[in-house]
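Chain naming follows the written order as A, B, C, D, E, F, G and H, and within any one chain the residues start at number 1.
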């Protein structure tokens, strides 16, 4: 079976922890970190990376263009 | 037979000879005088007084409120 | 030579364009000229006047408080400008609509029945040219050939067919202008 | 007595209102006070700071270039204001998010783990009151009863139920503030 | 209380009838405070956020034309948009109060305090020969007090008045004593006190016209002459200023508003060094305390005009002393506020030679 | 040709790119003439009637930002509406040409000639520390010539320039010699000559920003300082004036524009009486011919500043001579034009004593 | 019968005379200018409603700047385009008064666009009279926002070309769609019947003000024979043929 | 599987990344501000159309005043409300360029009303982007012309009351009725789907400009969580519930 798997990369320093990506992700991949970045924001990260399908929703709603999305079709058993 | 007869009085000095009353009169009562008033305008006057029925049309369209209209019901033979 | 002229009358009498033709005529003659209208809402219905200065030298001010010539075309203007003609100067007027005729005896007074003449010619538009012709007859401050050039210059191309008619009116004005009183020399 | 204080940190840390309470406390104590915020778009996300002056006499300028006390709540502010503390003055800071700790040896330095404490109290809003408590412990420039009056005055009526919580936070700040270095006397 | 808030509180208390404004930093708190206080429920004062500063000033025109005490506040760019309106109000002899909490210009500039709108305020930013009455507060208390003073002068002379403040005075908090609430004028009082106002034409008087247009230039010159007579009267009677430490002074600082406060601190520094400096603080920028500066200036070795600008008021100081004493300018600008040290140093350098 | 028409003709001939304006007496002929000449068909110049003067000046901002030679014209009330825009353009260092054909103010005033917008033009009608380059034509010929000069100075210094004329010069007709048609700059030339302009960011350069805002007050002070350096350079290099009959003169008249013409006639009258009077006519009102007035003033028994205003330029004359010679003002105002006789009489009365 | 005509000229037979709210001053308008007609109707409505002492007018900058000389009510003369701002303040500070603004098309729909729209959108309690003559009369006949496509004016001497000069603006339709207006109508005064209708509309606009439910807006499509360079009678005809199709008469909103 | 996640992070698998037209500067906006999203879409459209060198932008006065720091195209910063006037001149003097104005609701629909309406009515060839967040963000949350009835702002702290504060203004509907506009749409960026639609709309607006047939106008109903005093996620929800009923999304005009 072919399946889309995805991954995101968050630019931690420019992330402002707005949570919009968290909300936008259909598969609950993203959460805000407990730690803060240099600006004092709890940045977003892949809390549940396996669930990501690379749909780009998170990146689309991110006001700060912090998210790069990768996607690949993989064959699964 | 009862009939409406009318008359108008034009304030010659404030009349500007615009001709709008001439145009508005349904019974062709009014004309512009050959003479001019103090401002140099050919003022309006009752050229055909008998035809006036006091409909006030002329007064209504006059921009300079120069026209007073009189009307009376008279019995005619 | 320096001639300071006021032309004054109702809006619509062609006062400003008469002044303009005079000014252009001066330019054609190589003179310095200024043309300064009164302007604004008074134009509508009210009075209009223009000051024209023709001079061989640089003209300092185009707005004047005394004139060599006053060309007067209605009563208000008569009241306002008769007193401002310089002693020995010229007052030219059209008596139509004038209720108080000029009274000064230290200036030269001429009259021109231009309105009447224009009515006879059935061409209200020539009124101001008749007046101009009268003035040039009395004071030939510019030569006729330059006046015609000035006329051409001040009329838009599409109105150039009117020039002959205007020329005739100017001529007619010169013919019918009448002396009223001259300064006792 | 004259105390010139800068409080500086991120927008949203309650810097301005901490300053306001301090200022009102001074007023309650009968002092002259000024409160002068940095203001404008920087407020969003960026830094925010406020200068508070408490004095027994008329205060000439509310904008200062050197301070008796700097209360510092983020790294940018540390960089900017550490150098501006007067020799012998006080620098109080929250080490949370601070990457370069203060280095001067001619001033008194204290730290207050207010963010951590506020997180433990599960009440981010008390953060600034903890810091205020720490400051008042180190420099009791106003009496506690006046601080409470100031608190009351600066809070809108509808928030007066929060006063006890704030009072506790102030107290707690006083308890946990830590001396870092003192000027060698 | 913040300077801006003091304006709002004072406006309500002195019985103002209307505020019309448009938000702009660093003075938005004026309208915000008013909206929070809802004076329409207490005194009946109207508070309206207009669509622009252009609309605001013309709303003032309308309100003032009815004999009402109306005001607006803004900051530099917004005030520039009011210049036509201000010229109209001066031309129609309408009283009103305009607060300018100046920020650094030109253009959008900074939102930091500045004093670079002096020329605009006192020389005439709008067209024509007119003057505003210009008050320069140096404390939050004066922000409050000058609201009433501004209205009083505006109505006394039927002329727009301006409070020329800056971001520092507007944003800072200080202790303020507010006056007790005064009643607003009733419509009947207005009709009586201001018979020129358009209050609705009763049978008993001819109709009133508020206008600034005149076709006949001679008549318009007469009107302008009347304005000039009024301005001479203002210059005669309404000059306000404050002097400190001038009696024994060798040098004089002339400074208004924030700069006056900072200069006072500078003078302390200088006096500690043994340099005797006094302060003249113009309170009215128009009418300017020309005579007093002339009088005091004659005794001085030099005058330093201190403003947060590249040098505007300094021209009026120079005009006052007519070359009889050296006048220098000092000021940081573009939103930077000078420190007392800088002022002190400038005085030493520019007047004493360093 | 009328002064206003001369502006229009000269604009096309000097290769202006755009005119944006709104009708107002006494200068509507500028746009009317342009519309009649349809330069978009010949040189490609854009002519647009804007919805207001506020829009006009901001259209100038947009056009100037692209490195184009853009201009507007208006009269006093309309110019007041441009004050914010002018401050922005000065703050963004944008070149443009604004013609003010002044009429009597304040307010709607008269449509007759006046010179009462001097302060607004040279001191800064808008907010902030900025200056306009101000040219004062005294003839229809200069109305034409100063269009090109104005553009040249504006672009040289990246600063708005103004032609400060009045209803007299605007409405009068005089002989004019127009320069031959010059080509408009091509887009490529613009990009090369004005690398700061927003012409579309090619790969070869960073993107350009035209702005006047700065959050950091220190940076904004630096920018303002740069402006001041520019103004000092203008004051050094671009002062223009004309003197007549000054060599043997005992008295000096300083007058610009219409007033200078009238003063020239007054001087003839006075010289006939044996009173030796000379004329200094500032051509640039900013930068003002301060040094020349100072130099000439030193030799005079008195100076009369003649303006059609209640006395504005006279302040700059006084600042120039620093009390060293008596300076008096004379001027009719509110739309009244003084006569040579009145000027002559005023000089005798005010300076010689009558 | 000429004698009869003279005979009936006695006060009791008067059926139309100059409104007492009009002053004796001769209007400065060009012969045949629509402004005069509308002034008269305004005066008549004010007289008939008996509100001369309760009405405050706001004059524009435009040919009608001097309306204040002709109607004997209290007037303020606004800066160009700002009458609605003045009206706003007057109406709010004197809610016991009728406020009427009077503006031309340049004034109301060009420079004053923002003030017009925002006053109407706020629903300021006032009557706005809008004289749309498709031209800038006062300044000598320049293009107005309402100048028709192809129509000549001194700043579009070859006829308005929407490509370069922009489109004619129907501001009244915009105003009608704003929630703050309670009555929006377009009328004319070229015939006696039209004059009667316009007077009714103005009267209605004033009546509506009693309820304080917002702005009442009366456009009068008008002639400017000077600007149009036609005589008054031809102007009326031209207006009927050319203006009315684009600016159709009638009520647009009545709530 | 976490390893896979790391493994696929190679260039060839990138399906979304920051647009190259965006600069490296960190935007000054509050966390979650809609401005950032719209900036990004604008950058992406410009990048995808390959018109970075042909586009001139006009920035407003409002929170987005510094948009010029974030998109690497030539920019002019306009005075408050005047962006359409700048755009008019730029577009007419550089008809070979794409002109895009970017404005907030205070800027475009309050102080700039006249400029907005007249530019659209003239049909200036430019793209106008209108960020309607119902508030004055930059100056700290005052009432905007588009603030909803009952909505709180610092100058209507008890909620907008149309009686005193005026009605919310639907300027986009007005603009749509002007003959000069060729495409008028209202969008939002609160969900991924909405973002996709808004990007399409912006792209379409730019495409339309190729034909020089007038103004293309894109409203984006937006959040200002700082001004609204809610977190970004709640703001989006509040917007859906309250703003969309009054400002319904979708194309309003497309000719």
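Remarks
Methods note: contacts are C-beta pairs under 8 Å (C-beta built on N, C-alpha and C of every residue); 3 or more make two chains touch, one makes a residue touch a chain.
The chain lineup, named per UniProt: A, B = 2-oxoglutarate ferredoxin oxidoreductase subunit delta; C, D = 2-oxoglutarate ferredoxin oxidoreductase subunit gamma; E, F = 2-oxoglutarate ferredoxin oxidoreductase subunit alpha; G, H = 2-oxoglutarate ferredoxin oxidoreductase subunit beta.
Model, not experiment: these values are computed from the prediction.
Steps from chain B to chain F, minimised over paths through touching chains, total 2. By C-beta pair count, the most extensively touching chains are E-F. Separation between the centroids of chain A and chain E, computed from CA atoms only, is 55 Å. Rounded to whole angstrom units, the spacing between the C-alpha centres of chain B and chain E is 60.
Chain B and chain D have centres, each the mean of its CA atoms, that are 87 Å apart.
The set of chain A residues that touch two or more partner chains comprises 16.
Those residues of chain F in touch with two or more other chains are numbered 25, 48, 51-52, 54, 77, 84, 88, 92, 107-108, 111-112, 211-213, 215, 337. Contact with two or more other chains is made by residues 40-42, 45 of chain D.
Residues 17-18, 20, 46, 48, 50-52, 54-56, 58-63, 65-66, 68, 70, 84-85, 88, 92, 187, 198-203, 206-213 of chain F are the ones that touch chain H when the two sit in their complex.
Those residues of chain H whose C-beta lies close enough to touch chain F in the complex are 52-56, 58-59, 65, 68-69, 72-79, 82, 85-90, 92-94, 96-97, 114-115, 118. Every residue of chain E that touches chain F in the complex is listed here, in rising order: 54, 76-77, 79-81, 83-84, 87-92, 102, 104-112, 114, 116-117, 119-120, 123-130, 211-218, 220-225, 227-228, 309-310, 312, 315, 318-319, 321-324, 332-337. Partner chain D is touched in their complex by these residues of chain A: 16, 36, 38-40. Within the complex formed with chain C, the residues of chain F that make contact are 2, 25-26, 111-113, 167-168, 171-175, 258, 261-262, 264-265, 268, 337, 339-341.
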